[in-house]
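First chain A sits with chain B, and in the next complex the same chain sits with chain C.
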Partner chain A sequence: MTPKPLKNTSDTLDFAWYLDKAVEKLVFLGGISGIIFIVGIFIFVFKEGLGFIIANMDIAEFFGNPAWRPTSDEPTYGALALIAGTASVTGLAVLTAVPFSIGSAIYISEFSTGRTQEFLKILIELLAAIPSVVWGFIGLSIMNPLIIDLFNVPIGLNVLNAGVILGLMAAPIMTTIAEDALKAVPDQYREAAEALGATKWQVTFNVVLPAAKKGLMSAVLLGVGRGFGETMAVLMASGHSIHLPTSPFDSVRALTATIAAELGETAIGSEHYRALFTLGILLFIVTFFINLTADIIVRGKGDR
Partner chain B sequence: MKISVLSFFTFLTACGSGGSEGTNSSRTVLQNKGSDTLVNVAQAWAEAYKDVNPSVAIAVTGGGSGTGVSALLNGTVDLANSSRALKKKEIDLAKSKGFSPVENIVGYDALAVYLHPSNPIEALSIEQLKSIYGEGGTTNKWSDLGIKIPGCDSDEIVRVSRQNNSGTYAYFKSAVLGKKGEYKLGSRDMHGSKDVVDLVEKTACAIGYSGLAYANDHVKMPCIKKEENGACVKPTVQTASDRTFPISRPLFMYTRGTPEGATKEYLDWIKSDKGQCIILKKGYAPISETNCDT
Partner chain C sequence: MKDIAVQTKNFNLWYGDFQALFDINLSIKQGLITSMIGPSGCGKSTLLRSMNRIIDRLDYVRTTGEIHILQHDIFDPKVELVQLRKQVGMVFQRPNPLPLSIRENILFGHRIHAGGKKSTKNEEDEIVEKSLKTVLLWEKTKDRLGNSATNLSLEEQQKLCIARLLPLKPTVLLMDEPCSALDPKGTEAVEELIWTLRGEYTIIMVTHNMAQARRASDECIFMLMGELMEHSPTTDMFVTPKHEKTAAYIEGRYG
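Let's look at the complex of A and B:
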C-alpha cells in the first residue's frame, strides 16, 4: 500500500463514498428526467393519436367543421369550434393580462423600492400559486352572476368570463418574467439617461422598455402558452358549448376542456379516444411552437 | 446502495402482504362494474351488504355502462351495472361465447327537465323538448313557446346538456330526439348531473335535464306530456317506478346466465325492501312500493 494521504478519504469505500456516488446518480437522474418525461409524453400522445390521423381523419372536416359529435351513430370530428374557442379565450386573456402584468412589472422594477417591492413580488408569486380549480370556481360563482347583471346577457359563462379568469391566471407569470427582463437592463442605461435630465417615466419609456423589448415579448408569449394549455378554469368558466363565437358573450368550448370532459368515459382505443389524442397533438404542437418562439426571442436578447 | 434497494423491496413486499391480509380464503368476492349513474348506489349497496353477509365482499367500479358490459362479456365481472339495455350485437356476442346474459332491473331513474323558478312554464311535451334540443328544431326563443321569463331579457333559450359520452346524454337523445336525432350544437355541456341543476338554478333563461335524484328547492320541474294533448306527468319517484313518466329508464344489473349462489343472494337482497330503500335514498325510484320505516 502506497500511502496517498490527500486522496485517502475518497478512495476508501466507506459510507461517505457510497453516499457520494448515490447522490451523484440521483441528481443525474433528476437532471435528465425532464428529457425522459417530455420524450415519453411525446411518444405516448403521438402513438395514441396517430392512428386516428392516418385512418379516420378528414383534414377538411377537422379544421373546417364546427360539428364535434364523436358519439353519434355517424360521428363527425370537426374541431373548428374548439379551435376557435381556445383562440378566442386565449386572445382575450392576453388582452387582459398584458396591461396588468407589464404595468406591474414596470412598477415593481422601476418605481417601487425596498419593502414595497419585496411585498409586491411575494404577492405576485402567491397569486401564481392559486390552483386553477379555484379560479374556475370564481368564474362560475362570482363572475357568472356579475356578467349577467352588468351586461344583461342570458348566461355569464362565456368568452369574457373565461378570458378574464385566464388573463388573471397568466398575469403573475407574465409579470415575473417581464420584471426579470426589466431587471436585466444594465443600470448604466438608466444612469446615463438620468444624467441627461430625463424624468423617471422618460427613462422607463424611452430607455428601459426598448432595451427589454425582447424579454417582454417572450414574457407575453409564455403567458399565452400558459393560457393555451389551461384546462380546469376554462372548462368551468367558458360554458363548454360548441359554438363559433361572434361576441365575447358567446359560450365556447376549449380544446383542453374537451379532452378533460370526454376522455374519462371513453372506451380506451376507440375512435373517439384516439380523436381526443389528436386534439392533444394539436395542443402539444401549438404550445411547443409558442415556447420555442419565446425561447428564440430570449436567446436573441444579447445582440442588441 | 444494494442494501437500501433490498430493504426497499422488503418494505414493498411487507406493504403488499399487509394489503391483502383482509381477504382470507373463506371470503367470496363479487366483481361489480359499469354505469356511472349506478355507481354511487352500487357502492352504498356493497357497503351495507357487509353487515348483512360479512363473508361476501363486493368490489364496485364505475367506468360507464359500456365498460361494465364488455367486462361481463369478457367474463371478468359477476355483475355488470348498466343504465341501458344490452344491444342485440352484445347478446349475440355473449351467446357465441356460450352464455346468455340475464337482465335484473334494480331500480328506475327519471330524467327530469329543470327550469329556473321564475320560468312560468308548467308543462312541456316531448315534441317541444325535441324542438328545443334537437338539430333542426325551430324553438330557440322562449317567446316561441309564448312565454316571457322575468330576468331573461335576451329571450334566448339557454340549453344545458351533458358531455357526449354520458349515459344520461345518450338516453335523453334516444328518448326525446328519437333514434336518428342529433342535438343542436351550442348547448352548454356540463360534466355532471349536479352541474346541470346548479347552472339552471342560477340562469333565468336556462333549461336542462338531469336525474330526478339531483332535484332541489331552487329549481322547477315541469310535468312532461308524451303527446301534445295527452296527460301531463310530474317526475316523481312514483311515476318513475310505474313507468308513466315518459323519460324514465330502468337501471340494470346483468349477470352471466341465471344468478346463483352469492350473486343470487346479493341480487335478492338488493330487490328486498332493505336494498330498495338505499336506492330510494339516493334519489332513484325503487322497483316496487317500498316501505322504509326503520
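Let's look at the complex of A and C:
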C-alpha cells in the first residue's frame, strides 16, 4: 500500500479553518512588506542618484574637495566638508553618549532594584521618545548661549553643541540596548562569582561586562547609526556652515542637514537634485554597514 | 569526639511572610561529609544557602537565630561577607563555570581575595595545576587551559567548579545537589572526587538521591516542612531510623 500524505486530510473546512488561512496570508503580507519597502526605497534612491554618479561625479572632487557649491555658475560638488561635519558631530556624540549610557545601563541592570529600576526604565524610554526637533530647540536656545558664555566663543552653534545634543539623543537608545545585553547575562554567573566572594562591582566588572561585551558593542554601534542619520537636531545645532572643522567650536554642516535644507529648492531631475541623492546613497551605505556590523556582532554572541 | 564545624542555634528563616525554616538546631562535625535529604520544599537547600549567606541575594529574606561557622556567628554585622565566602565554598546544582577560560576560572577567587597583591605567573601556574590535579582534571585540560570553560562537558564543568574553590583554602564546602545535572558516569566520578576531599574539608551536601546519601556520606540530616527531623550517622539512619517519617521517606513512601 502506498503511504498517503498527511496533508489536511482530516480538516473540516469550517470558519476556523478559513480564518486560519486568512491570518496566515495576512501575516505573510506583513512580513514581506518590510522587505518590499526597503528594496523600494533602495531602488528609488539609487535611481535618482546613479545618474549623477555615472554622468557628472568626479570621485576625487566628491571625496577630496571641501567646496559644496551646487548653485554657483560653475558648480562644484565636494562633499568632504559635509562628511567631516557628520563625522565630527557623530564622533563627539559617541564620546558623550557611551559613558552615560553604559553607566546608566550598569546601574539599572546590576545595582538598582524594584521600583527604582522600573521607574528608571520608564524614564529612559520616555527620553528616547523626545522628538528631535525639541532637541534641536534645546541646542538653539539653551546650549547656544551656554557655550558662548562658558567658552567665550563668538558662536555657540558648532560641533560641540551638535555633538552633545546628538549624544544625549542617542544615549537612551544605547542605554536600552546595553541594558538588554546586561540582562541577558545568565544570573548563575553572578551567583557563582558572588559565592566565590566577589563584591558587586567585581561581579559586574570581571564577569558581567565581559560576558555582555558583544551586546554592548552593538549597542554603541546602533547609537552611532542613530547619530549618523539624525537630521533636524543637527541642522539646528551645528551652525549649518560648510567648513572643515579644526576645533569643536567650529560650525559645520552635516550630510543629512544638507539634503534636508536643499532638496526643496532644487528642480526635480537637475544635477543638484541628483547630487543630493548621491549624498543619500552615501548615508544609506554607511548606516547599512553600521547596522549590519551590529547585527553580525550580536549574532556571533553564541559562539565564543 | 570531632570538632564542630557548623552549628545552628534556633535558626528561623522567612521568605517574605512564608516561614521556610523553623528553629533549626544542628551541629555538623568537622571533616565529615554530611548529607541533607528530604522532600522538595523541605528547606534543605534554603538551609544550605544560608550557610554562606548567598541567600542574601534575595532582599525579602529575614532570619532569626544564629549560624556559627568555626565559632563565629555569620549573621553578626561585623562579619565580612567576602571573608565568609572565602571560608565557605559553594557548588551549585547546575555547573556554573564563569564564561572565562579554564585558567581564569581557577584564578578568579584567588585574585579577588589577593587584595590587590599580584601573584607571579609561576605562582598562578602552580595554583592552577594543584587545583586541577586535586579534582583529577589536570591531565585532560593541561593543554587547553586557555579554552573557554563553558565548552567542557557537564562533569568536567562541575569538577572545575569544585577546583576553583580550593585555592581559597575553604574550611567548609556546601554542595547543592552537585550531581543532579550529571549522567550516572559523571555522578560516580564527582562522588568519588567528593569522597577524596573528605577529611580536609567539611562537606555538606544536599541530595535528592537516597542511594547517594547512603553511599557517599558519614552523617545524614533529614528535613521535613522546614523542620529538622533527624540527624544521625548515615548507617544508623538507613538501618534504624529514629523517626517514623524518616523511615517512610527513605523507603520511598512519599517524596
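In the analysis below, the second predicted complex is superposed on the first by the 278 of 304 C-alpha atoms of A that agree within 3 Å, B and C clash if a C-alpha of one lies under 4 Å from a C-alpha of the other, contacts with A are read in each partner's own complex, and residues count from 1 in each chain.
Criterion: a residue touches a chain if its C-beta (ideal position, glycine included) is under 8 Å from a C-beta of that chain, and two chains touch if they have at least 3 such contacts.
A quick note: this is a predicted structure, and the numbers were derived from the prediction, not measured.
Novice: With the two complexes superposed on chain A, say which partner A:Ile155 touches: chain B (first), chain C (second), both, or neither.
Specialist: First partner only.
Novice: Looking at A:Gln202 after the superposition, I want to know if it touches chain B, chain C, both of them or none. Which is it: first, second, both, neither?
Specialist: After superposition on chain A, A:Gln202 lies in contact with chain C alone.
Novice: After the superposition on A, what does A:Ser33 contact: first (chain B), second (chain C), both or neither?
Specialist: neither
Novice: Check the residue A:Pro210 against both partner chains and state whether it touches chain B (first), chain C (second), both, or neither.
Specialist: second
Novice: By residue count, which of the two partners contacts chain A more extensively, chain B or chain C?
Specialist: B
Novice: With both complexes superposed on chain A, which partner does A:Ser247 reach: first (chain B), second (chain C), both or neither?
Specialist: In the superposition, A:Ser247 contacts neither chain B nor chain C.
Novice: Would you check which partner chain A:Glu191 touches, where first means chain B only, second means chain C only, and both and neither mean what they say?
Specialist: In the superposition, A:Glu191 contacts chain C only.
Novice: Could you tell me if A:Thr113 is touching chain B, chain C, both of them or neither one (first, second, both, neither)?
Specialist: In the superposed model, A:Thr113 contacts chain C only, not chain B.
Novice: For chain A, which residues lie in the overlap of the chain B contacts and the chain C contacts?
Specialist: No residue of chain A touches both chain B and chain C.
Novice: Sort out for me which residues of chain B touch chain A in the complex.
Specialist: Residues in contact with chain A: 1, 36, 63-64, 66-67, 70, 152-154, 156, 158, 163-166, 169-170, 180, 182-183, 185-191, 199, 202-206.
Novice: For chain A, which residues count as touching chain B in their complex?
Specialist: Result: residues 18, 21-22, 66-73, 81, 144-145, 148, 152-155, 157, 235, 239-243, 251, 253, 261-262, 265-267, 272 of chain A touch chain B.
Novice: In the complex formed with chain C, which residues of chain A make contact?
Specialist: Result: residues 113-114, 188-189, 191-199, 202, 206-207, 210-211, 304 of chain A touch chain C.
Novice: Using the touch definition from the top, list the residues of chain C that touch chain A in their complex.
Specialist: So the residues of chain C touching chain A come out as 52, 54, 57, 59, 81-86, 89-90, 92, 94, 96-100, 108-109, 112-113, 148, 150, 161, 164-165, 168.
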